[in-house]
Amino acid sequence: MTQESSRGAGRRYDDILGPTGSRLADSAGLGSLWLSRNGDGPLPSATDIKRIISLCRSLVFPGFFGNDHTTGRNLPFYVGLWLEELRSLLTAQIGAGFGFNGAGASAHDTARSLADSFIERLPEVRRMLLADATATYNGDPAAESVNEVVFCYPGLKATANYRFAHELYRLGVPVVPRMITEMAHSETGIDIHPGAEIGEGLMIDHGTGVVIGATAIIGCRVRIYQGVTLGARSFPTDADGNPIKGIKRHPVIGDDVVIYSNSTLLGRITVGTGAVIGGNLWVTSDVAPGQRITQTPVPATPINDNNNGNNIE
Amino acid sequence: MTQESSRGAGRRYDDILGPTGSRLADSAGLGSLWLSRNGDGPLPSATDIKRIISLCRSLVFPGFFGNDHTTGRNLPFYVGLWLEELRSLLTAQIGAGFGFNGAGASAHDTARSLADSFIERLPEVRRMLLADATATYNGDPAAESVNEVVFCYPGLKATANYRFAHELYRLGVPVVPRMITEMAHSETGIDIHPGAEIGEGLMIDHGTGVVIGATAIIGCRVRIYQGVTLGARSFPTDADGNPIKGIKRHPVIGDDVVIYSNSTLLGRITVGTGAVIGGNLWVTSDVAPGQRITQTPVPATPINDNNNGNNIE
Amino acid sequence: MTQESSRGAGRRYDDILGPTGSRLADSAGLGSLWLSRNGDGPLPSATDIKRIISLCRSLVFPGFFGNDHTTGRNLPFYVGLWLEELRSLLTAQIGAGFGFNGAGASAHDTARSLADSFIERLPEVRRMLLADATATYNGDPAAESVNEVVFCYPGLKATANYRFAHELYRLGVPVVPRMITEMAHSETGIDIHPGAEIGEGLMIDHGTGVVIGATAIIGCRVRIYQGVTLGARSFPTDADGNPIKGIKRHPVIGDDVVIYSNSTLLGRITVGTGAVIGGNLWVTSDVAPGQRITQTPVPATPINDNNNGNNIE
Amino acid sequence: MTQESSRGAGRRYDDILGPTGSRLADSAGLGSLWLSRNGDGPLPSATDIKRIISLCRSLVFPGFFGNDHTTGRNLPFYVGLWLEELRSLLTAQIGAGFGFNGAGASAHDTARSLADSFIERLPEVRRMLLADATATYNGDPAAESVNEVVFCYPGLKATANYRFAHELYRLGVPVVPRMITEMAHSETGIDIHPGAEIGEGLMIDHGTGVVIGATAIIGCRVRIYQGVTLGARSFPTDADGNPIKGIKRHPVIGDDVVIYSNSTLLGRITVGTGAVIGGNLWVTSDVAPGQRITQTPVPATPINDNNNGNNIE
Amino acid sequence: MTQESSRGAGRRYDDILGPTGSRLADSAGLGSLWLSRNGDGPLPSATDIKRIISLCRSLVFPGFFGNDHTTGRNLPFYVGLWLEELRSLLTAQIGAGFGFNGAGASAHDTARSLADSFIERLPEVRRMLLADATATYNGDPAAESVNEVVFCYPGLKATANYRFAHELYRLGVPVVPRMITEMAHSETGIDIHPGAEIGEGLMIDHGTGVVIGATAIIGCRVRIYQGVTLGARSFPTDADGNPIKGIKRHPVIGDDVVIYSNSTLLGRITVGTGAVIGGNLWVTSDVAPGQRITQTPVPATPINDNNNGNNIE
Amino acid sequence: MTQESSRGAGRRYDDILGPTGSRLADSAGLGSLWLSRNGDGPLPSATDIKRIISLCRSLVFPGFFGNDHTTGRNLPFYVGLWLEELRSLLTAQIGAGFGFNGAGASAHDTARSLADSFIERLPEVRRMLLADATATYNGDPAAESVNEVVFCYPGLKATANYRFAHELYRLGVPVVPRMITEMAHSETGIDIHPGAEIGEGLMIDHGTGVVIGATAIIGCRVRIYQGVTLGARSFPTDADGNPIKGIKRHPVIGDDVVIYSNSTLLGRITVGTGAVIGGNLWVTSDVAPGQRITQTPVPATPINDNNNGNNIE
């Protein structure tokens, strides 16, 4: 490096990197975001939560996710070590979650007790996910085996994460459940809020763009296709114009309902048992049990003009 | 750890971890899922299939994916080693795929022979993907070079995975092709079934939410935008209410067709050469060659009531 | 390996791997793609650009992304080292970007100067992202804290990548900005072109399928839901039928506008300040300030016929 | 890169890298070394053998080597998985070892059977190593606990590797045993040939420079200090001047013998039970049981001359 | 796998792996070794102690060990983060060390306080090591710069580890100091007990085989060459024949002494200031200040007999 | 953490970590060591030099070191990529070496030219190492094949590093050669200065403790055993008492000489062709060609007194 360019580097440092670093290192610039962190305590760790998801998936469907070497003989060994690791990681993340949300750091013992309660639910979660996988196999002519569903279908991955997260959500664990479902959202394009209540036998096919809101209730053996939204209508706001939180605002879906792709269901409406919602519908009122509704075809307009189409780049 | 909390841990272990572990380690809880695994043989490995995809991408577009150091001089060295590694990994995964689907473990020699047949097709796959990339550059005013398309466009990544998977699908390899396209689905939000038949010069722009079904047929130089579904109408079910598998049930798209964003085409309909499907359309019957159809604008209703809109949270 | 199978392997090598390798190693098969690479210079590195994104996120929201150990005391140390690493990596990638696009390898000093200009903007980018996060918290009843928004919401991740990329785009850096936004696209399903101009206080909720085009302009405090497209109508083509590049072709959105899920806005239209676009709308003409439009409900048709629905597999 | 330097690089490539590469890639330059390799079969893998050593150490002294998390509860799980991994890796390395030495590739089943025989010996190896550790604790005033010996003492690490390697050596496994003891040699400076026969209760203290030859026999409860050689006298050569292999040529050491540092014992001599060999001795004939020998002090010469000392740089 | 070989594997499992696993998983086979572990608490971690050594070396000689990127500007950032990491790791290892030696788990606060005391000594340790490096440069005609000594000389690495370990030893930390010096022993062949007391300006050249015992005392500016032992004579034993621990039993070396290669000094003798011990000497009594002693050459015997030499294989 | 302990942490930070960090971050404490670094330029990287050694070993003995997958077919591919990587890494390290020694940063072109000259020598280095391996096989009755020598013998590893380092030393590269031989020293206990000149056919057996000084000259087909020193006598000092550098001060060893274990040869003496030096000898004067010398046995003294032996702990 020549003397001159070295001096140049010095000037840049003094003019740019130094002052910029000072501004970025000043936590005041982060406002309440910094203050509401967990003091100097640990934040939830995305890395550890990814490992927690991987362990839960392995425990529920050994060999299908993340580990290729399970056999009948060694399964008890793997399960034993996975459970220990899960308990340790989950205890720490639950503790970090409490601290993170400003609710006061949870005592380690409380966090461990919650982790144990979660673990105790895993056999039941497996049972439900097995029902989900079987329902998916039965509902998709392209599926060649239940194994293929567990191995390949994003719908099952998102449902698994949701079921794990929902158990933690019911236990009152903050933040961590949402991180778990958002990781599935990133992986699959399927966004299920951990607060939703969903019966067994759920099939989500293709799934990209599916959104299921925080207060939605879904029965058993429901089938949902890509792009379906179970959303809220506009919500009441308080005096400051901010939304009032905690209101039941998403649909209630009965057993054995089918909702085809890209349909949108809004508000606290009820869709009765066995109803079928065709594709691309916009539904804002109740649908009776057994009712089958479909889109009245919008007449497409043949056009000849090259530059006047509603084409999207 | 105090004596007491230690005893507490012991109780928890005996009451929770121990019994839960026993239930999870009991493969009977997995039902036929466990039995239909590949005995104690290896399952397909997501890690190895990711590496296979990476190798195929590198072989087809060296330097653009996964390796920054290829030059004119060293390309033959890299290609030589990549081919060896690909052959070895692919042979093992094809073998695992056969075992996985319960079709009986393929003899190693058969799997290697299929891997070789796949490899032999790679130059042709490259030629098609190059046509895809060029078509994308020509079809998108925002694209600054063909290079940028190969480097950045999710549509090309999904198309590449599809083309690799389709070659394996044609060779009768189970499960692995689906894993390859689902990996692209996760990466790009574009879900192309490996069974679809797609001509060269395909452009998929933006792409999130695109679904192309297992029996779809697509001609050459077709352009498809985000949210487009080439799906099936409801399918016939057998006596048990389960779908009958193996029926041709997705659209046939001619050469030079354009399908704009969020349109849904359903059933074994035919879209003729050069037709243009505008955005947001719902198409369930044939479209003639050269025909251009567009949405008849739905009149939007101005409203004033704050809380009665069809707004979605 | 028996003698015979060994000979078999030899035949396969000579017949398949060898010739296929030769064809794949022949850069002529890559046409102009190979020639327009950066000579034998380095291509942009996806690995390094991922690290650049991680560093930028850490600098803007320390502790929330990628590093769990920042505290009030050590923040200046981390910031100091992150800035150095960012400067070094970014300088190299900017240089590679220039070479890649065939614009001639940028001198190292120019690239470093651009990297410094980028770094100098980071405090302002942090201020805007903080406004984005606060707006998201205020706009979503399901959000429990601003912290949760920063930690979990894909909308914020995509907005962050966009804001980083936009700064580089404004500095004229080729390819790298697009890689940065496409990485967010893959992670979140939200596709924002780095060329778009977006004011602070942006909220994107759920977000899967959102597309914001290269010449879109968006004001402050705008809310956008999943599946919204701000796209172009069909564009003029030149004599060869290829699109003419560089035309303003995407919507202009005013301050305080809300666009609900799955609506499509096309062309260089203007949506006035404070307007509200309901869900599922198809908008191709201007919307006045303060105007609220909503879908006129399409009457759903109850049906009884099992095999005639517009159902999508 | 300027045009000129680029051409310079080309010249260098053509003149140097190219031709050098051709010479190095020509296996003829490796002579019989290349030909006597395992055909194109796998060579023994240093990485896998390191893992094998680590597994054996963990199995024998769980928690002390390589894994910090064993507890009373999880030990059976770890042991179960370690044994499986050990069996798999060892089977492969034994196979490679047979191929390597030109003895013909061992059938997989033979190699697995040898691996099983090795594994079956591990409890006995543990018992001997425990005796070694206890003897070391008793023999070294600086040792504070048996635990410390297992954790820290290089002598115990080298003895462990020797005992593992010796079991394989007895089973007739080629090359691999030597690799195992050479890894300890590198780690500790202690070089024990796997062919030596050594009773339990061995203590090697400090150990650097210890050499124990291939046909040495050592009884129980023997103590050996740094720099001790149990070597061969010069050996008979054949007509070509090369050494005749396979002759018994190293010392036989009785029970309870102590050999202090830097002493050299040469040839097929016998050191009787309970004998004590002082430091720095040169011993080429038998030592009677119970005999204690020590160096007759060499009178050191005081000197005054600065440049005439037998000093070593 | 054929049916038969599968049954074969089963038999092997039942006969060998299963019973062997049971024996190895039975901690009773480990006797007091298992019982005297830290309960189920963590054992000291070799990985973490390696990192502690690396951090200490980096703090003392930044840039020379383990990190290539320190500059004048970023040194404070690195030092800040290194100190934090060191404090955290060292606190945990000190705690594990107390538990390990059965002395009862140290309260976390005590361990942290000891870690802080250690850290506070690092500037003084740097000063001493700088003196060691300078002395080595001055003492070795082959050394080209002090930098080279710090970068390359094993003597300096072993001395650094000793000085770190000695500080911990003085603070009463169990096991960890010994692990630190044994890691240097493995790396360099130089075995210095952490209990030894060594003044500044120490030079150890080449160093392989050097042993410095636990109660040795060494003055300032001493030079020691390869193979030198500062050991104990045979030690008194108790009624059971075990050595009595804690007795001063190694030499005391004055300032400015030089001890040439392969000499052995035994027992609590005193070597006076400025004395020079020639190579290969056996010294068991005091040496006066300033005295220079050298070996009286042993007359080598010319021989002619081919097979009667004292040759060592 | 309670309020109090938090304050305690604060005090500790202010009293200890803060001030200690300031002292350690003050490069003035490093004196000339810091100033004589390569400015803020990169120091030689131990990691990269380890990789360089691994590449050189692979190039010389493909498959034997670090890579298990070379075959006759793929060898040219590996060699091509290894050479490229070696050239790039070596160029950078040579440049760093020049900067490090204060000789002024070498222009990149000069460093690359030296790297090329080194690479050009590799076929000759292979030829010499092959001769070394063959000589070792012929000289050791315990060696079962030349392959085993290359795979397992530390002597060959140390010789390989020496031969690589010596080529760089001859080219005038600073520091890097010494780092390469010191890495072998750590791995094998064999310390060969890169400046020594050693003919082909060298055998070093066992090797721990061997020291070969900077100006030693060794002929062809020489055999050396563990603990042998080829050192310097005390060296002349300048007016300040520091050694005068650059004087020829180590032995000259003729062809076909054998030096048995633990013998020490000092000063610029000459050992004639074919001479044999027995073990444990102290040689400070010339030995005639063909002469065979051996130790006159020192009479060992039988003793009976338990506590008076010259025993070493």
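Which chain is which? They are A, B, C, D, E and F, in the order written, and residues in each are numbered from 1.
Following the convention adopted for this analysis, a residue touches a chain if its C-beta (ideal position, glycine included) is under 8 Å from a C-beta of that chain, and two chains touch if they have at least 3 such contacts.
Nothing here was measured: the structure is a model prediction, and the numbers come from that model.
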At minimum, the number of touching-chain hops separating chain C from chain F is 2
Taking shared numbers over all numbers used, above half giving same and below half different, the chain B and chain F interface sides are same
Separation of the C-alpha centres, chain E versus chain F, in whole Å, is 21
Here the gap between chain A and chain E, centre to centre from mean Cα coordinates and rounded to Å, is 52
So chain A residues touching two or more other chains come to 69, 73, 76, 80, 84, 140-142, 189, 208-209, 213, 227, 229, 231-232, 235, 249, 261-262, 264, 266, 279-280, 282, 284, 295, 297-298, 309-313
Note: in the complex, chain A contacts chain C through residues 5, 8, 12, 16-17, 20-25, 27, 29-33, 36-37, 40, 42-46, 100-102, 140-142, 174-175, 178-179, 182, 185-186, 189, 191, 193, 195, 205, 208-209, 211, 213-214, 225, 227, 229, 231-232, 235, 242-247, 249, 258, 260-262, 264, 266, 276, 278-284, 291-298, 306-313
Counting only contacts in the complex, chain D reaches chain E at residues 59-66, 68-69, 71-73, 75-76, 79-80, 83-84, 87, 109, 112-113, 116, 119-120, 122-123, 126-127, 130, 133, 138-142, 144-148, 150-154, 187-189, 206, 208-209, 213, 226-227, 229, 231-236, 249, 261-262, 264, 266, 279-280, 282, 284, 295, 297-304, 309-313
Chain F contacts chain B in the complex at 69, 73-74, 76-78, 80-81, 84
